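The following pair of complexes shares a single chain, subunit A, combined with subunit B in the former and subunit C in the latter.
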Partner chain A sequence: MDGPHTSGPSTGAAFQPLVDALLVGDHKLLAAVAQRLIEQGCSREQVVTDGLEHAMGLLDDKCTVESFNLLEIMLVGRAVSSVVRVLYPDGYAPTQGRATFVIATLEGDVHDLGKNIVRMVLAGKGFRVVDLGRDCPVDDLVGAAQREGAVAVLVSGLISPVVSQVRKLRPALRACGLAHVPVVAGGAALKQLRPEALDVDYVAENAFDGAHYLERHVSGAPAA
Partner chain B sequence: MDRTPLVPQLFGHAAVSAGLSLRDYLHDGEALAHAQICARERYRTDAVFAFLDFGVEAEALGAPLSFRDDRYPDVVGSVLGADDDPARLRLPEPASAGRMPVCLRALRTMRGRLGDSALVAGAVAGPMTACAQLYGIENALYLAIDDPPRLAAALDFSTRLAIRYGLAQLDAGAHAVIVFDPAASPAVVPPGFFREFLAPRLERVLAALRDGGAAFTWLNIAGPTAGILDCYARIGADVATFDYYLSAAEACRLLPRTCLAGNLKSLDFLDAAPDRIERQARALVAAFEGRGGFLLSSGCEIPPEAAAGNIAAMAAALSGD
Partner chain C sequence: MTTLAVRAGGALHRLAYDPAAGLSLRAILEPTDFRVRTACLGLGACGLCRVRVLAGEVGVPTAVERAQLEDPLLAGGVRLACQCRPVGEVEIEVLSLAPPTSWRIPPGGPGAIGPLRWKADPAPPHAQPRPLGVAVDLGTSHISVAVIDLAGARPLALRVGANPQRAHGADVMTRLVVAGDPDQAHALASLARAAVGEALGEIARSEGIDLRRVRQVLVVGNTAMLSLLADRNHQRLLEPASWSLPLDCAPLETASWGREWGLAPEASIEVVAPLAGFVGSDLLAGVVAERMPDLRPPALLIDFGTNSEIALWTGDTLWVTATAGGPAFEASAGHDCIPAEAGAVVRVREGDAGAFEYDIVAGDEPRGLCGSGLVDLLACLLRQGRLGPRGRFSDGSERLEFAVNGRVLGLGWREVDALQRAKAAIGAGMKVLCGCAGVEPHALQRVLVAGLFGSHLDLDNAATIGLLPRLPEGRLALVGNSALAGACALLLCADARRMLERARACVRFVNLGRMAAFDEAFVDHLYLEPMSSAS
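Let's turn to the complex of A and B:
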């Protein structure tokens, strides 16, 4: 992330338009608000922590298992992406972001909407996410985890054939000396199975549930 | 019938069970029919399905699909770009468009061989799912906010598409045509969106199928449907699938006079656990004792690669029922 905060507006009120625009998913307005804040002297870090992360926290509280739906989250995700593009046109560098995760939809599954949402939610929370795309071989994901210094590996799966691929992840990580890197799974198919059935550390009910687990992991708090 | 009907959602598993690749199964109506009938005999079920995959409608309109031997095809190019107007589309002719004839051929064969001894079910994609096929799911969802009139036009086209394809299936011998609309699930769109944009169009599809001779109507939406299930009866669903997110008691409360089908967890069929499946199936049957109006099934498709022993265990749960 950026260095120390600069001298721009720092009160919560200054960021309220950004929070409001994010909560209604207005990506064009949000990008304009973010640009204005930068021009007024806010640091990129302030926009992320006082704006995006605050708004994502409010959204998180609203999104229960019963009320989570792709449409609303996608709108927010698109809005987050528009801000990240304003702040970091080339994406987060390895030295930026609270921590780095690698994410993919594994080989055999080309449905990447869930993965994209997780990526956007985590970006909104200030994390750097390296996206390996869809139909991704296990070895490519493990290689990226090693190369990027990832603190967790995330996989999303919509269809059942991907289950066998997920089960290959842990042994592949172990073989590369990454046994300590947790694996988090989610998506319509994978969330029907228990972590031990998939040989992963956590199965997330939705993007926010997964983010909670990762927040705890990054902060060193015990798993819930 | 002297027991609870056994109607598991066995589609691609029939191919695996018959030693066919999914690619061949999805291209050959005779092979599909043969595999479905074999699966029915093997597991002693009460239905066969001419369900192919969720690429059929888009393919019939010109979308390219990628096929593999061991899984369902993927739509690899959208029929409509993000800025395209659905008015440029013309309804396909089911007798000749894409693989729609495969479905019709399978229905004719299955009905010819089974008569009325088992349910012969067809399948169409509901309006939201078909719309997602045409635009791609992300673009279709963004249209809801960026251009609601264009989304409405696309949904209207998808509604006419479902009706035309469904009526052709009834003409080919289907007793009923199941309307699958997974993209209408509250996991994808909020219940308010469902009520405003989707319920009226699903109502039109179900009414047209009934008028076209369907023995009954069946709406199948997977996922956490508690927020929308109560409007199924109003929009004309005689049978409603409910998924594992809802208990039998909750589904009965929301739809007291509708026949319910469900709700074993589909991924539970992957790893061998026949004792657990049988126990869960027996509990479900017991939950509907006295009420009736229940079809023992899974809440979503049983995966093609499911363990056969698990499906047999589901059937075993009905022995002595």
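Let's turn to the complex of A and C:
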């Protein structure tokens, strides 16, 4: 557990119930625990960094997404969303999250389970994720990246026909002066291909792998 | 159950059979791996199906047997399998095994199609020979082919085999992507056509049926399979914008199909048009087979398969949708999961002291669990507390093993996960469809379960794991291959055809991909627990 913060009951022990509730995916309990911590004087940032991020770290260390069944992944995701709703009932403001990403399943693909998992993992790590949903036109995604000040654009694709859409992303970003914003791809169809074939910066093996890449990118570490 | 001991190919096998069913030895042996060689419909005409009765009672030789078999043979216990009906513990030797085939006859023979709830239109007077019809249900994983006597409204032969397109992708989406290459699309169409021809060829040989008597062939199936068969418009199914539109799957020509299948030039071949999106004519055929518009609403039909389809009849509207069931209930979910064919564990029960008892279909050597056996096993494990509702084994193990007749069958958490996903897709699909129609799932007057579970599914266990709602006695029914039964009905009479067109006219299509409620319902239905009355 990270060192205690300055105010409130911010010791590791205080956050243990939150970590436990997240690990079993109990979203109602988790929301209640988060609410109690806030009432006891914890800051929202502490709940994210000492609670959510720590728990996600445990999940990440113990195993990868592959060792979970789908229900467990969805439960953790739902639990993270419930805490985020308690902490930020009006949604993350651009300055509240660590950094902002935009994410979507592109036009032609309505399978967005994988995208939702990535969103939840990143939210659990304290990032602000703007989700454009599924069947999203490339221009909408690029527009959102510009508007929200995104530091990376994430796309998920389950079916192969969406590949042609992914290839349109970088030229569209460049046209908007966002050539410096990296594109990360993932999902069953896309992870069969190399980054060059998709014209993206990184192809993530799974949600946590993608999150690691983004952590490195945000912290300015070499991306490889 | 009584034992029929069978000596075949140098080995002794023990089959369980029910003497009360009054089946002939030929009918008992047909779904097994030791089918006896035949070339007629079982009337004793070919005289090929010879067995030697070594012990037990099978009735006195019939007139046909006395004509086909010389006295010394009869004295030596040789009989025709189609003429004898065993009545107790019996041991036989199969003298001539049928050649190996990938086209199996389901237990129950042609009767496995289920009751035909339609009468045949009157045949033209003195029609000789009697005209035949061929019904084909083209499924993602399996193809079923039936030959029926059009005048007698009687199924004569039935075969079920794997769709050979499976080698190019187990699921619908992968296969459609492969078909993006015109050469591959052509190859996929040829594979499906050749498979139907193979099944027909085998029926012609084993049942002695002259395919030149076939007057009409009717093909039903899901939209993707029909478009791949016709090699038309399949790439449009990859565009979500077209998912709520009708898709033209009518073949441009069928004369070459008829030649390939050995039919007379005047035989007609028709692909029944699908509805919209991934909802095919197999579902429509099922609606006709079960005469859903005549049922008290609301009534639901679920056609379980790799592409599962659901129809909800509300009295004036037929709500339909398709959902990715995935192949979890069938082959390829795990290496110990197989279709309901010879050697499949179709039922699992808790015996004394919590030990499991198993029913193996058409054989004594277990090869794996089929869908109904898997549902039973999960329900038993849940009741015993060895499996949690989240799909994890309580003792923390990755895999449980079970000894069945000396063979070890395994069940891993990944297979359970695959089944949870399939169950959730169907459960959420059902809930969202009911929601669209304003119907409370527990108010359903009738729930008809068609497709791959055949007649084996235990409805109580299905409710225990949340695969189906728990409804009062008599409201849930297993209806077998309703798509094939519907295709037979459409071959038989114009009234069935009229019901099909009426049903088509009052369809409302629901695209689950565009329903926000689906995602939330999907997570709820991932749990292995009875559907809540609120859900």
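The rule we apply is simple: the second predicted complex is superposed on the first by the 214 of 224 C-alpha atoms of A that agree within 3 Å, B and C clash if a C-alpha of one lies under 4 Å from a C-alpha of the other, contacts with A are read in each partner's own complex, and residues count from 1 in each chain.
Throughout what follows, a contact is a pair of C-beta atoms (placed from the backbone, for glycine too) under 8 Å apart; a residue touches a chain by one contact, two chains touch by 3 or more.
Predicted model, so just to flag it, every value in this text is computed and none were measured.
**Q** Identify whether subunit B and subunit C fit side by side or clash on subunit A in the overlaid structures.
**A** They clash: once the shared chain is superposed, the two partners overlap in space.
**Q** Check whether subunit B or subunit C contacts more residues of subunit A in the superposed model.
**A** Greater contact footprint in residues on subunit A: B.
**Q** Check the residue A:163 against both partner chains and state whether it touches subunit B (first), subunit C (second), both, or neither.
**A** After superposition on chain A, A:163 lies in contact with subunit B alone.
**Q** For A:69, using the defined touch cut-off, is the partner it touches subunit B, subunit C, both, or neither? Pick first, second, both or neither.
**A** Both partners, subunit B and subunit C.
**Q** With both complexes overlaid on chain A, does A:108 touch subunit B (first), subunit C (second), both or neither?
**A** A:108: touches subunit B and subunit C.
**Q** In the overlaid three-chain picture, which partner chain does A:78 touch, first (subunit B) or second (subunit C), both, or neither?
**A** After superposing on A, A:78 lies in contact with both subunit B and subunit C.
**Q** Where does A:192 make contact in the superposed view: on subunit B (first), on subunit C (second), on both, or on neither?
**A** first
**Q** Could you name the one stretch of subunit B listed in 204-212, 276-284 or 312-320 that collides with subunit C in the superposition?
**A** Among 204-212, 276-284 or 312-320, the clash with subunit C belongs to 204-212.
**Q** Show which residues of subunit A both subunit B and subunit C reach, each in its own complex.
**A** Shared contact residues on subunit A: 69-72, 74-75, 78, 108, 110, 116, 159-161.
**Q** For subunit A, which residues are in contact with subunit B within the complex?
**A** Answer in residue numbers: 25, 65-72, 74-75, 78, 108, 110, 113, 116, 159-161, 163, 188-189, 192-193, 197.
**Q** Flag every residue of subunit C that touches subunit A in the complex, lowest number first.
**A** Residues of subunit C touching subunit A: 173, 177, 180, 238-240, 390-392, 413-414, 416-417, 420-421, 513-514, 519, 523, 526-527.
**Q** Spell out the part of subunit B that touches subunit A in their complex, as residue ranges.
**A** Residues 70-72, 74, 137-138, 141-142, 144-145, 186-190, 193, 223-224, 226-227, 244, 265-268, 270-271, 303-305.
**Q** Show which residues of subunit A lie in contact with subunit C when the two form their complex.
**A** 69-72, 74-75, 78, 107-111, 116, 134-135, 158-161
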